[in-house]
Every structure is written in C-alpha cells, then in structure tokens.
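Two complexes, one shared chain (subunit A), two partners (subunit B, subunit C).
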Partner chain A sequence: MKNIEKALVTQVANILFVETSEIEVETPLHVLGVDSMGMVGILVFIETEYGIDLMSSDLQLSDIESISALVRTIKRRQGK
Partner chain B sequence: MIRKQTILHCDVVVVGAGASGIPAAVTLARFGKNVILLEEMPTIGGTMISGLGGLPICGLFKHNAKKPFELVNNGLAKELYEAILLEDPRAVECMGREHVLWCGVKQFDAICKNWIKKESRIQLITACSNVKIEEQNQRIVRIGFQDRNAHEFWIETKGVIDCSGNGVVVRNSSAQCIEPENPALAGIVFRVSDVIQNDLLPIKVPYILRKAVEKGLLPNYCRFTVYMPREQGFGFCKISIPTEIDMVQAKKVSDHIFEILHRMLPEFLTAKKIETSKRILQREGVRMKGQYLLTREDVSQGRRFKDSIAYGAWPMEFWNIEDGPSYSYVANGSTYDIPLRALKSNNIKNLWAAGRLISVDSAALASARVIGTCVATGEAAGRDAAKAVR
Partner chain C sequence: MKNMFYLTGLDWMVHAMDYSARKNTKTGISSQIVLEFEGVLDELLFKESLQRFALAFPILNGKVSRNGLLEPYWAIPRRSKPPTLRVEVYHLAEEEISHTLETCVNKPFRHAREYVVFHLLYPSTKRCLLAMTFDHRLLDAHGAEQFMLLFCQYASGSIELDKIDYTPPVRRPGLFSQWKKAFNGINCIIHTIHKNVIGSNMVRLTGKKSSLQNEGDFIHLCLNERDSKNVLKRANREAGYLMFMPYALSIACSAFGELAVHRNMTGSFFIPCTTDLRSRDVSWKQMFFNYCSLFFFKVDSESTKNRSLLIQSLKEQFFQQTKEGFPHHLAHFFSLMRYIPIRIFGWMNSKNQASFSFASLGESLLEEQMLFDVKISNVSHFPLIPPHVGIGFFFTSFEGKINIGISFRKGLLSKEEKEIIQNALLKF
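So, the complex of A and B:
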C-alpha cells in the first residue's frame, strides 16, 4: 500500500514540478493543481505500472479524486 | 478613375474591438475623448466571440478565491464581472486551483454593445481592412483603412492604441517589435450538444484522444484537447494546434476528433457537433516592444512597480507542443504589477498597446494574455492615452 502511495506521490510531484514533500495524499488532486491532462498522465501511469485499466471500468470521480482514493481503488482492483 | 477618400478626425484610434479594445475605447470616451474603434471582423468581441463562449474568462479573481470573490482589478473588469453575475449567479466556477467566470457569446456581445452604445464619442467601424500607418517625427499622424465597400478612409489622430491581438498597427508601423521564437500553441474550439453528462468526461476525452494518438490516428498535439462540459448536454472541446496549421487543416482535425469521440465514448453516441470557431485563436504572436519588458521573474515573484497600472494573477500557462500545458504560479498566491511602460511603445511617442500585444516575454504573456487581464490593460491604456492627448 505504502509503495503505491509513494509511487503516486512521485508521479504527481513530477507533473506539478514540485517536491514530493509538498504533496498531501488526502487533498483533491485538482486542488493540488493537477488538470485533466495531468489526470490522464496518472491513469496511464497506473495502467503501465500496475496493469489496471481504470478507464474501461465503471469508474466514479470520487475513486480518483485524491492520491489516497487512487490507492484504495488500485487495491480494490488488485484484490479482484 | 479617381477614388474618393474620406478624411475623419478623432483624439485616439483604437484598433481591435475585443476584450482590450472595447475597454480602451470606453475609457477614452468616459474621459471625454473622441474615439474611432476599428475592427477587422464584421462583428465585435474578438477572441471571446470567435471562441464561441467556450473559453471561460480567466484572470479576474485572486488566487484561492473564496466567496465573495476578491477581484484582481477594479474598473471595467469589475463592471464586466457584475454584469455577468447579474444574469447568471452561478457563472463563477472552480478550475484547478483558480476560479474562472463563464460568459456566453450573446451575453458578452450584449455587455460590450451596451458599453459602446452609452458613449456617443465612440465611432465603431467594423469590417475594416488594409490598415496603413503614416508617421511624422516618431508619432503616428494618420491611419488609413478600407471599409466593407472598399471605400478608402484616412483618420487624423493624436494617438493610437493597438488592441488588435495580431498587431496590425505594431507590424505596419516603424514600432519596434518582439518576435516570439517559439510561440505557444494556438487553439480552435468546437461546441457539442446532446452529450450524456458524466463527471469524468473532462478526463475521458483527453484519455481517449491520447490513445488515438498512440495508435497513430491523430497528430500528437491532439493529446492536449480539453473538454469543458456546460449545462443541459452542451459542451466545448478546445484543441491546441501548432501555429503553422491553417483553418482548413484545423477544421479537418476537429472533425476527426469529434468522429473519434463519437465512436469511442458512449457519452458522445448521440452528440452533435453544432459549431466550430470561424478562425484560429492565437495565444502568442508578434507584439510591441515597450519601454519595459515584463519578464517571467517579475510575474513569478509578484514584482511591484511604481508605474503599476493593472494587476495580473493568472498562473503562467505554458502550451508546449511536446508536453502540453504546465503552470507556474505567482509566488504566495499573490498578484503582480503591470507597469505602464509595458503598454507604451519604445520608439513611437503616441502609440500604446493592450491585451496580448503588451511588452512582455513569452512566459509573462502566458499569464497576461487572459481576458480578465486584457480588460484591465485595455482600460489602463485608454486612461493614459486620454491624459496624453489633452
């Protein structure tokens, strides 16, 4: 769980050109400054890294709202 | 055959009736100056209108604004905000870390026309072409143009404000210019109806298009297409395109993008493409070299100037062909000053620029070009020109 979170924090920090210490996992991604294109980048990262195609499932906005929500969603899909 | 010429007189000519030109003309008129407002299109409103109302107004509100929204600039920017809010109390929307104001084409057109109509000192001439500039002793003395009937006019004037976006006066005079080396991507907008609403569409659209790009179905830049949902199944797609692409190609690409969305997204199954912008919307082009060049550092540090005449707050929004959009925010969520010197020509004494023609580097323009800031620089140029032509 921690590893996924760490990987996503790094990914978001790269997108926003900020330090990983500035990324709070509970804060909605759009509040952090991630735009729709950044979200696409994160989803593609999850596809390549974890082999989970979130977009082809019945995804809700709340499932991908923050880093912690993403971690929960990934875990849920991996458990299936 | 001897072609007739008509000679006109005014205090100041404003070229371009868009988000900066209209505020410039209105401000001059309110100061009691006679203004001729020239526009090359048959209609007024500039990019706001060409963009079909699919581009929200940015740069009006301070960073992390909370209700009541704190405005960056007062004056006409505030008047515009209040007029829009009167019609639609829910026009302010959160976009990422910033707030924007949505305004439809009809509403923007009505507000602008109302501003102009109230000022008897403004003479608006649309569908102008072949603008020519005559100078004497580093001053512009006459501006020539043809009207829609190819009738030739010459205006004798004391001052000129270039608000044309593409720099009609700046390029056709001896004014020193700034040529962008690597201009930001341009844009084209199309409007759709009958879309089945889904909160995720703003992510799904660029996601599907990215996949289509990876399959070689679309050119690379189509990855940066943005979808903005509006009420009742309406929405806008904004495609960012390289500056060398012409309208015919852009239209083809936009048709292709719609066709892919229609085929790949269930939400777009019943969707119709109802309108495409009539011209390409430029983010960056040739601009005026002023008495000061506002830089990336000035913007990012929120620098203050003694001759500040307007404020900017929108993050520098870089639209790059390789990486798409990225943002750089003003330090501490603050604002930065725009000095009057950035609106005054370096070498022509009675020439001002406003909107996206002001004297800024590429990075600073990536913030200052938004409509909220254009209104403020237009008004400021009008104010200063009114003082100067006394």
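So, the complex of A and C:
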C-alpha cells in the first residue's frame, strides 16, 4: 500500500513540478493543482504500472479524487 | 542578454502559419488578451510605466533570421533603439466595446518589428478595459498572460526586473541534436495522423469566397459563477473528475455538429487541440516564444448526437495520445521542419484539413491580480484563427467564471448560424 502511495506521490509531484513533501495524500487533486492533462497523466501511469484502466471505468468521485482514494481503488482492483 | 535564440519546431510551425495567414489576410497569427478592470486606470501612469517596463525586453526589437540553410533563429540587433510599446486610447460607449476590440485585433502591426500593442478602452468613469494585441511568433496565450502578470507585479513594486531571469531556455543549434528524438516518435505521429487525418471525409466550413473577408470575427460568452458551477458539476458527472477539457471539447463538437446539420454536411470532424508543454509553475524563462503542441481528435459527425458516446470517444483518444506521448513527439518532429523554407512549410500547413481548432486554457494566471491598485475582474482571449481553418473554440476560466470564445473568419457564419452556435454552447 505504502509503495503505491509513494509512487503516486512522486508521479503527482512530477506532473506539478513540486517537491514530494508538498503533496498531501488526502487533499483533492484539483486543490493540489492537477488539471485534465495532469489527471490523464496519472491515469496513464496507473495503467502502465499496475495494468488497471481507470479511464474507461465507471468510477465515483470518491474513488479517484485524492491520492489516498486512488491507492484504495488500485488495491481493490488488484484484489479482484 | 543573448542576441540570438534558435527557434524550436513549435516556433517554426507558428512562423509558417503566420506566413500563410499574412499572404491571405495581410494580418499574421495574432491574438488579443483583454483585461477588464473594476475601476479606471490612470492613462499617463500606465503609459509611463509600460515604457519603462519595455526597456527590459530588447527581444521585442528582434526578428527571425537564418544562417544559410541552417536553423532559423530570433535575432536581436546589437545596436537598436530601446523597445517601445504603442498604446492606443479609446473613449467610447459600452455598446462599442466589442466592435472596437474586434477592430484592434484585426489591425495589422505598423511595421515588421512591432509585436505587441496595447489598447486602453474607457467606456465609463467607473471601469475600463486593457487589450494587448500580440504576435504569436513571440508570445503564445500563456506567455501573454505571463507578460501581463509580470507587468502587474512590476507596477506594484513587488518584483524588480533586474532580479529575474527571463532569458528563454537554451535552444541548441546543432544540425543533428534533435533528429534522434524526432525520429523516435515518428511511428506514433504516422499512426495518429493516419488514424485521424488521412483518408477521411472531413467536414469543413467553407464560405463563399465573395462573402469571406480578411478579418476575424468573435462571439464571446461569459458565464456567471452560478452557471459556471453548474457546467463544472455536469462535467464531473458526465465526463468524470478533472475531465473538463474533453467535456468542453464535446460541447464544441456538438455546437459544430449543429452547424454541420444546418449545412447538410456529414463526415468526420478533425480537431487540432492545443496543449501547453510548459511546467505548471510560472517560469519567466518560458514567457517568450511558443510552448504549445497539439492533440489530434477525430469525431464522426453522427456521434455528436450522443453525448455520452462522444465524451467516451474523446476521453479514449485523449488517454491514448497522452500514453503515446503524441504532443511531445509532434513537437520534436516539428523541429525537423525548421530546415524547410518558410514558403514550402507555410504551403504545407495551409493544406491541413482541420474542421475547427480548440483550446482549453484553464485558470488564468491573472486571478486575484491588481494593476495600479485596480482589481482585474475578468480576462478573455480573442485569437485570430488561421484562414485555412476558419473557426475555433476557446475555453478559459477566471475566478470561477467560464469564458467561451468563438473566433471565426468574417463572413464564414450567417446571422442565423451565429445564433445556432451560441444556443448550442449555452445549452450545456
């Protein structure tokens, strides 16, 4: 779980050009400054790294709105 | 300050578009950013500060040059007059604002080395507007916002120009330095172009030559905060979290689809969609020149009638092209085009089959900014569309309000068609 979180924090920090220490995992991504381009970048990363396609899934806002929500969703999908 | 900056492939693409636009319309690829203020700017104070500000940017005196057949570069004369920025002032009625702004952006620059002109509009004693017309060869939309942001900060005394570095990043001249990168992405480019551009019956709005004029025309829709919130909620619901760009594109496709139906045209829409390759934080080094690449979207005209299918298709294309790194590959590929003479590249560019162009610029950099203690209340963009494309849709946002701009060649749309497009856009 921690590894996925760490990887996502690094990815979001890269997208936003900020330090990983500036990324709060519970903060909604739009508050962090992620836009459509950034969001697709995150979803591409998840598909490439974990083989999970979240772009075409029927997800609720609570499944993807923060890094911790994304981590939970990835774990849930991996468990299936 | 360096005296020459090699152009990137993206810069050269804009030069080529500018060249063919200039041939057809006498005006190049210019655009206008319009700032509305809650109060009135002091005309004299503004003019004096602006002239002092301009002195810091000798780049404004430059022009494109080339060493024989090698790469083109932006050359700044070693000995030239200090740069100046022209300001035109208008005292006018409220109802004359739109027409005046339109006239300003359509007016060609006075000479070959004029790239930025300001227009101060005073419709009343309580508010004013400031329009900056700029040449896209030197500034793109984001760069123009950065230029204005820097001026606001300079005018407020919060930034000293000699303490910041606005020298554009080093662009390597070497003949072969970018070739490897350019060839690496060639499969991705061929695949995307083949899929989205070649061999399809593209819907394009062409007006009668006699009715088309060499000027741009604009429709500007500014949603209030409540309507903007509703649009964002619908975007979240219908396209997904943080999927405003594909949602806005679906709105543009639907509006364009209604025009196509009105003209009994069927086929596919090919949409080049601008994306900014800059880092997210404001870097003054990336203020001048061009940093925008493209996504290529293709939509079947029939699919515009089914919103959820349309959004799904746009999201899939967005995802796939991001995954393949298409905008970056395209930027590297364009670097090869720098060896092609401008006349040939301009001609190649004018043959593209785009149905309309699209950009979603996101939140303005000028939010919460003041100029001489006067609050900026809105910012909108009025770009001139290349004549061979004809029409474009632009979404921007300012402090929670969505601005939608439709830019088209004068004479392309009838009065009835303008209403069709406005109503279609406001339906969402």
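Note that the second predicted complex is superposed on the first by the 80 of 80 C-alpha atoms of A that agree within 3 Å, B and C clash if a C-alpha of one lies under 4 Å from a C-alpha of the other, contacts with A are read in each partner's own complex, and residues count from 1 in each chain.
By our rule, a residue touches a chain if its C-beta (ideal position, glycine included) is under 8 Å from a C-beta of that chain, and two chains touch if they have at least 3 such contacts.
Keep in mind that what you see is a predicted model, and the values were worked out from it rather than measured.
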item	value
Greater residue coverage of subunit A in the superposed arrangement, subunit B or subunit C	C
Touched partner set for A:S56, first subunit B, second subunit C, both or neither	second
Partner chain(s) touched by A:V31 [first = subunit B, second = subunit C, both, neither]	first
Partner chain(s) touched by A:T48 [first = subunit B, second = subunit C, both, neither]	second
Touched partner set for A:E65, first subunit B, second subunit C, both or neither	second
Which of subunit B and subunit C A:V40 touches, first, second, both or neither	both
Intersection of subunit A interface sets (partners subunit B, subunit C)	17, 30, 33-37, 39-40, 43-44, 55, 59, 61, 64
Residue ranges of subunit B in contact with subunit A within the complex	94, 96-97, 199-200, 202-207, 210, 223-224, 226-227, 324-329
Residues on subunit A engaged by subunit C in the complex (per definition of touch)	15-18, 29-30, 33-41, 43-44, 47-48, 55-56, 59, 61, 64-65
List of subunit C residues in touch with subunit A within their complex	236, 240-246, 275-276, 279-281, 312, 315-316, 318-319, 322-323, 360, 362
In the complex, subunit A residues that touch subunit B	17, 30-37, 39-40, 43-44, 55, 59-61, 64
